[in-house]
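The structures come next, written out as structure tokens.
Two complexes are shown next, each including subunit A; its partner changes from subunit B in the first to subunit C in the second.
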Partner chain A sequence: MIESIVSYGLALGAVYALIGITYNVMFAASRVFSFSAGAVGMLGGVFGALFIDRLGMPVVLGFLAVLAVGALIGIVTEIVTVRPVLKSLEQHLYVLSTLAFALMIQQLVAIEWSTEPQPFPRVLPFGPGIFDQQFWLPMLACGSTILGLELLYRHTLVGRAFLAISEDNYAARALGLPERELRLASFALAGAIGALAGFTGGEMMLAYFGNGPLLNFYGFVPVALGGMGSNRGAVAGGLALGLFQQSANFLVGGVFASVAVFVVFILVLLIRPEGLAGAAAARRV
Partner chain B sequence: MPITRRQVLKGTAAGAATLATGVFRPAIAASEPIRIGYLPALTGPSSSTGIGINRGTVLAVEEINAAGGINGRQIELIVRDTQSDPTKAVNAATELTRRHKAHVIWGPLNSGEALAATPLIARDGVPQIHPCWVDALTDVKKYPLAFRNAPTSRQIGGAANQYVVQILKLKKVAVVSDTTGYGTASVDTYVPMLKALGADVVYQGNVEANNPDLKPDMLRMQAAGAQVIMPWSVNAGFLSRIINTRAEMNWDIPIVGQTTLGSGQTKALLKKPEYWDKVYSNNFRNCSYNAAGALPPRTVEFVDRLRKAKIEMSDTLLWWIAMGYDGPRMIADAIKAAGSEPEQIAGYWNKVSAWPGVYGTITWTPDLHDGFQNSEIIMCQANSLQDGAFKLAPGYVG
Partner chain C sequence: MRDTASAPALAAKAGGFARLEALLPVVVLAVGGSCLPLLGDSYLGVIATRACIYWVLVSGLNLVVGFAGQIAIGWVALLTLGAYVTSVLSAGTVMPELSPYLALAIATIAGAISGVIVGLPALRLRTFYFAMTTLGFATIVTQIALAWKSVTGGGVGVPGPVLPWPFASPWGFYYFCLAIAVICTWMTTNVAASRFGRALVAIRDAEVAAESVGISKPALLITVFVFSGAVAGLAGGLFASLQSYITPDAFTFDLSVLFFIAILIGGRGSVLGPLLGTIILTALPEFAAPLVAWSTFLYAALLLVIVLAVPGGIAEMLDYKNRRPLAQHREIRPRSELLSKLMTDNANPTVLALNNVALSFGGLRAIDGVDLLIHSGEVHGLIGPNGSGKTTILNVISGYYAPQAGQVRLNETALQPRAPHTRARHRIARTFQTPRLIGAASVLENVMIGGTIDGHGAFVESLLSLPRHCRDEALLREDAVAALTAVGLEQLAAVRSDRLQHSELRFVEIARALMLRPSFLLLDEPAAGLSVDEIKRLGALIVAISRRGTGVLLVEHHADLIFDICDRVTVLNLGKVLASGSPGEIRAHREVVNAYLGA
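Take a look at the complex of A and B:
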């Protein structure tokens, strides 16, 4: 039982954490929570199965193509659903535009791909058992992503420019930073991370159009738990969510496991609205 | 004598009145084609079923028309693809009943669309045959002209229950479904039926279809002493996870349930082909191979006809084609024997007894428009698909 809780819990948690990071990277560049994050995750699984299983691409090439598709979807998200509503951010129109875009993606996948779950190819010849690739691949992806983002943000000029626009985009623009291009690049990066989540979690979750809404919700929970904009918080929140969800599956089972997740989520937000790792926002008086 | 404008108007009015009163109607009606409004889902998520049924329907209509039609009247099949969308099914049904004045409606072919369209077809007073399983889709008071040439959901569950309790002689049963309306309703309906047969339902639960790890619930079933798992879901991902987990737990018990257990989608998601052993899904006796590998004589003759017509069977299910073939033939028989008016068609169907369809033997009465025989619903071996048909599950005679 413990094996199953740990292996599935951490693997699922890593997928949730990656979707949480997708939310964060988009948020940092635009102050917008793009609810297309789950849809990009779903596309990672679907395109992985399409490129490798159906079109017969080599695994590495298929993987890179999936990341490219994710980046492209990220760019389209920024141009179509975020840029037009940035001027009226306080009206929260982005909720509608990004959700509508996610729904469009989901319906297109249902029509063009399938409404039935499809098999996802085995990427590497390891497994089965608790060391199966389906468990450690998402964890490896999550670890690599957080490490890569830390390096990017703290040790490169482009990364610092990302941070600058996330801190104060007006000041960054005044300093001559190309805000629009940086935002576009952030969305491309977020799209690639979302697709990575879907690809590495594909064997566990299958290539299924219905994974979008699920990832949208379970990916948002770590962001809310870990604090908005905090990637480390998202990883901690995601892994905790995965472990808790899997424990609830064993302890209470069935639909009650989902209820338990929602109850804890609401309780945490009631006690610490800024999230477990977030800081309360200062307000000018 | 000059013709005045008043005389022309009088004559026109008289002619129009004559037409309206129907003096010439019998002559026109006797020669006009029989319009069957047909509502298949040929595209969209439910299209695999619709495409299979369509092959049988088109063949039946071609055969009837080639043989001279119905009392000399050709069948005009007016097809409207519902695109697996209940809204489109509703619009198409209204178009067929009102604009095209269809004599009969064949379809919709899936329950979601039929639930939306049947009340409208009934309101327009057009006779209807549909093959949908949801119990509420026939009701002699609400829909007196709607008839079902397929089993109900209760019959489907009943056949699986009987197989488990009376043929496999297993008493400790785990019943599980996904959290969809179909899944939860199935569990709620079938568990009391199982208990009435004397089974001990040791586990009953609903699990989210997307849950990637079903081991916790399967361990609960095992701990409760389950001897058989009965999953009710149309989600191939959910069903394949049950089958895969059973194998990974080295738990050698049968899985008995819905037709999707034997679908190609489920097969594609199995980690090893041998995991499909001891999985038994619902099917129909007339379209199943017996222990000797033979189909019933009626079906053999039908399959020969399909082969002659070069109709593909390997990428669909034989019972879908057979069901599609039976629909227009039941309509033709009714109109041939009784006439094409709604009450004539319904009157004939209300007295149909043991009508020998390829898919099923149908008996309808004025009080019951569910005509499929319980004895013709069986379980089959999920891994035995060949040319669209399955082998009977072990334990059946014949």
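Take a look at the complex of A and C:
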């Protein structure tokens, strides 16, 4: 039982962490939290099943196509829901515009795909067991994403430009950085990461339109608790959340697991609104 | 010259008209709704009943989302709760059966309590966080309903309550729901036009200014969550009765989306708009059968369009008055002689004192051991180069920053640091460097917000439009007109304040500050962006205010204005007092001339 709690918990946690990173990458570029993070996660599973199972694409090709779809959704998110709102005075309208967009995606999937969970194909021809691919694939994806982002941010010029924009938008623009293009690129990257989460977690979570809000919430918990914009915080928080949820699931039952996660989430935020590892808010007057 | 005695009459007239107009949604709903059964279409009756029930919930949620601007997207949780409480109690599954009315009443109370629990995070968390917590609530309540089989019947469900005669028939039940919907409309209309409604909008659009006039966000939001939760619980009970059998499936997140979007489509800060929005969204899919599957998609698309294209919603489209062009080349002519209508002379000399106040932001010492004495009845100028700490001092006095050392005292009372909403009680008012007004509210309403703490009626009295509420409103309105007349903006009273020119906004802020009848008034660069003539008139107005016994602290860069009207001037440099004295002494001070004024 311990093994299945750990493997299942870590795998689920890795999916949450990846969605958390999706939030973070978008937030860093635009100071916007987007509800589309959960939506691209859900699409990762749905399109994986569509491309590989229904259309019979080779796994590698299907995988790349899923990432491309995710990136595309990211770009559309930026153009349709974020860019117009950043211009307006009331910036918190982004909550509404991204929510509307995520709901549209969800409803489209419900109508055009299915309202029932659909099976997700086996990606690699390895047998079942504790080291089943459905468990280590998300962890592998999470690890390589974190590594890739570190390399990108620390060792490439483009990555440093991303950092500059998230640190101080005005100063970065004054230096001549193409802020709009970089923001677009960030959203594309975020979309691909979200789709990766859905794809690698597909076997566990299935190709189901209702995964969107679920991933939205459980992906946001580690970000909120770990502190805004911190990818390491998101990974630590995500894995902890996954383990906690699975052990609660096995020991006391699913509903109480959800309630427990929720109560912890609310309590921590009420006590420390900036998250366990975050810094206090800046001046307002 | 215009007849000065007409100001109260003007206020009364505007008040009467505004009240009639505000009651429009109540009349529309009551008359339209009562006539509906004449059509004799029973299917229409079911839809109309559903619309009434949804509106009962939305009317309360409207205060949370539309007025206070809190993004509560999971309100279906409260509908679910109300439905289960009513059904379980009246079906007698866990205890002896209760009368459906009693069950409804208990559901209302349960809703009120849960409303506070769901809303509590809004007091601490920012928009997206709060949205997430309400979303979480919505998911969890359904999960509990599904899992707690012994009480809720799990996936099988429980029968809903059946109301006794005369509300047992479909049309009877319809009238019952319609009556509640009309009452809810009436109550929220009353709140919308009260100091509470204005304070909610102030929290939404100008939170910092709201604190400065003494609005306590936690207290106000909790009150509204209680009300909103109560009507949502009641709506849940009615919903269960309409469904006649409830299962967790009946409470999908789509419902929450409908409630939320109905408000935004209707327009924030309006009652009529969300009412129309609810009716449209409830009826739309029913009359276009092929659309049923697409309804949530369409709602979402509609929300996106509204947010991007018409943030004001239906209410903005209906707002014909604010499309009339305003007069060009308007001049602001304050009539400071009319201040006596608003303020009585403050005879007791009072002193606002800063003792050795210091505050640093990280490594930057913004103010470094500042002593300052401001006397009532005097204009005290505070000047200095950019970054010398002028605005920081203002923010320490008005409680936005806590000084790391030193104290702010009013006479002998130490003022509580980091508690801006307490300053209004001490009659300390302020304006802001960039005017902080509610763009969507009229100029008059913006000014009335300044007097929020002088109202005596409680929220419930406003809800029911009891005499004390009406007295408060009449008084606030009269004072606001007097304040606007004194600063010279009474012609613009009914105009949305986001249509005003920058200079006019500055005077509106002063009028709002005057509503407190301040014993100390802090002005943060009031002359910035004003023309030469306007600065002269502003100076005369400030002097007149101070001669009524108010101590004025004037932060300003216009040296002419400072030296013309100040009784005392303090010069700051690098967070320290460089010099303090009469305008004549300061002008001759060597270091001041070197550091700031120039030769």
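Everything that follows uses one rule, which is that the second predicted complex is superposed on the first by the 273 of 285 C-alpha atoms of A that agree within 3 Å, B and C clash if a C-alpha of one lies under 4 Å from a C-alpha of the other, contacts with A are read in each partner's own complex, and residues count from 1 in each chain.
Going forward, a residue touches a chain if its C-beta (ideal position, glycine included) is under 8 Å from a C-beta of that chain, and two chains touch if they have at least 3 such contacts.
Model, not experiment: these values are computed from the prediction.
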When both partners are placed on the shared chain, which of subunit B and subunit C touches more of subunit A: C
Contacts of A:L103 with subunit B and subunit C, given as first, second, both or neither: second
Taking the superposition on A as described, I'd like to know which of subunit B and subunit C A:Q118 touches: first, second, both or neither. first
Using the superposition on chain A described above, determine whether A:L12 touches subunit B (first), subunit C (second), both, or neither. first
Considering only the touch criterion stated at the top, classify A:L206 as touching first (subunit B), second (subunit C), both, or neither. first
First, second, both or neither for A:G253, with subunit B first and subunit C second: both
Which superposed partner A:H92 touches (first subunit B, second subunit C, both, neither): second
Could you say whether A:M1 touches subunit B, subunit C, both of them, or neither, answering first, second, both or neither? first
Across the two complexes, what residues of subunit A are contacted by subunit B and by subunit C? 111, 214, 253-255, 258
Subunit B residues touching subunit A - in the complex, by the definition given at the top: 44-45, 179, 205-213, 215-217, 219-220, 235-237, 240, 248, 265, 268-269, 271
Contacting residues of subunit C [partner subunit A, same complex]: 71, 73, 120-121, 124-129, 131-133, 135-137, 139-140, 143-144, 146-148, 208, 253, 257, 264, 293-294, 296-297, 299-301, 303-304, 307-308, 311, 361, 391, 395, 400-401, 432
Contacting residues of subunit A [partner subunit B, same complex]: 1, 4, 8, 12, 110-111, 115-119, 128, 204-206, 208, 210-211, 214, 246, 249-250, 253-255, 257-258
Spell out the part of subunit A that touches subunit C in their complex, as residue ranges. 33, 80-81, 84-85, 88, 90, 92-93, 95-97, 99-101, 103-104, 107-108, 111, 213-214, 216-217, 220, 224, 253-255, 258-259, 262, 265-266, 269-270, 273, 283-285
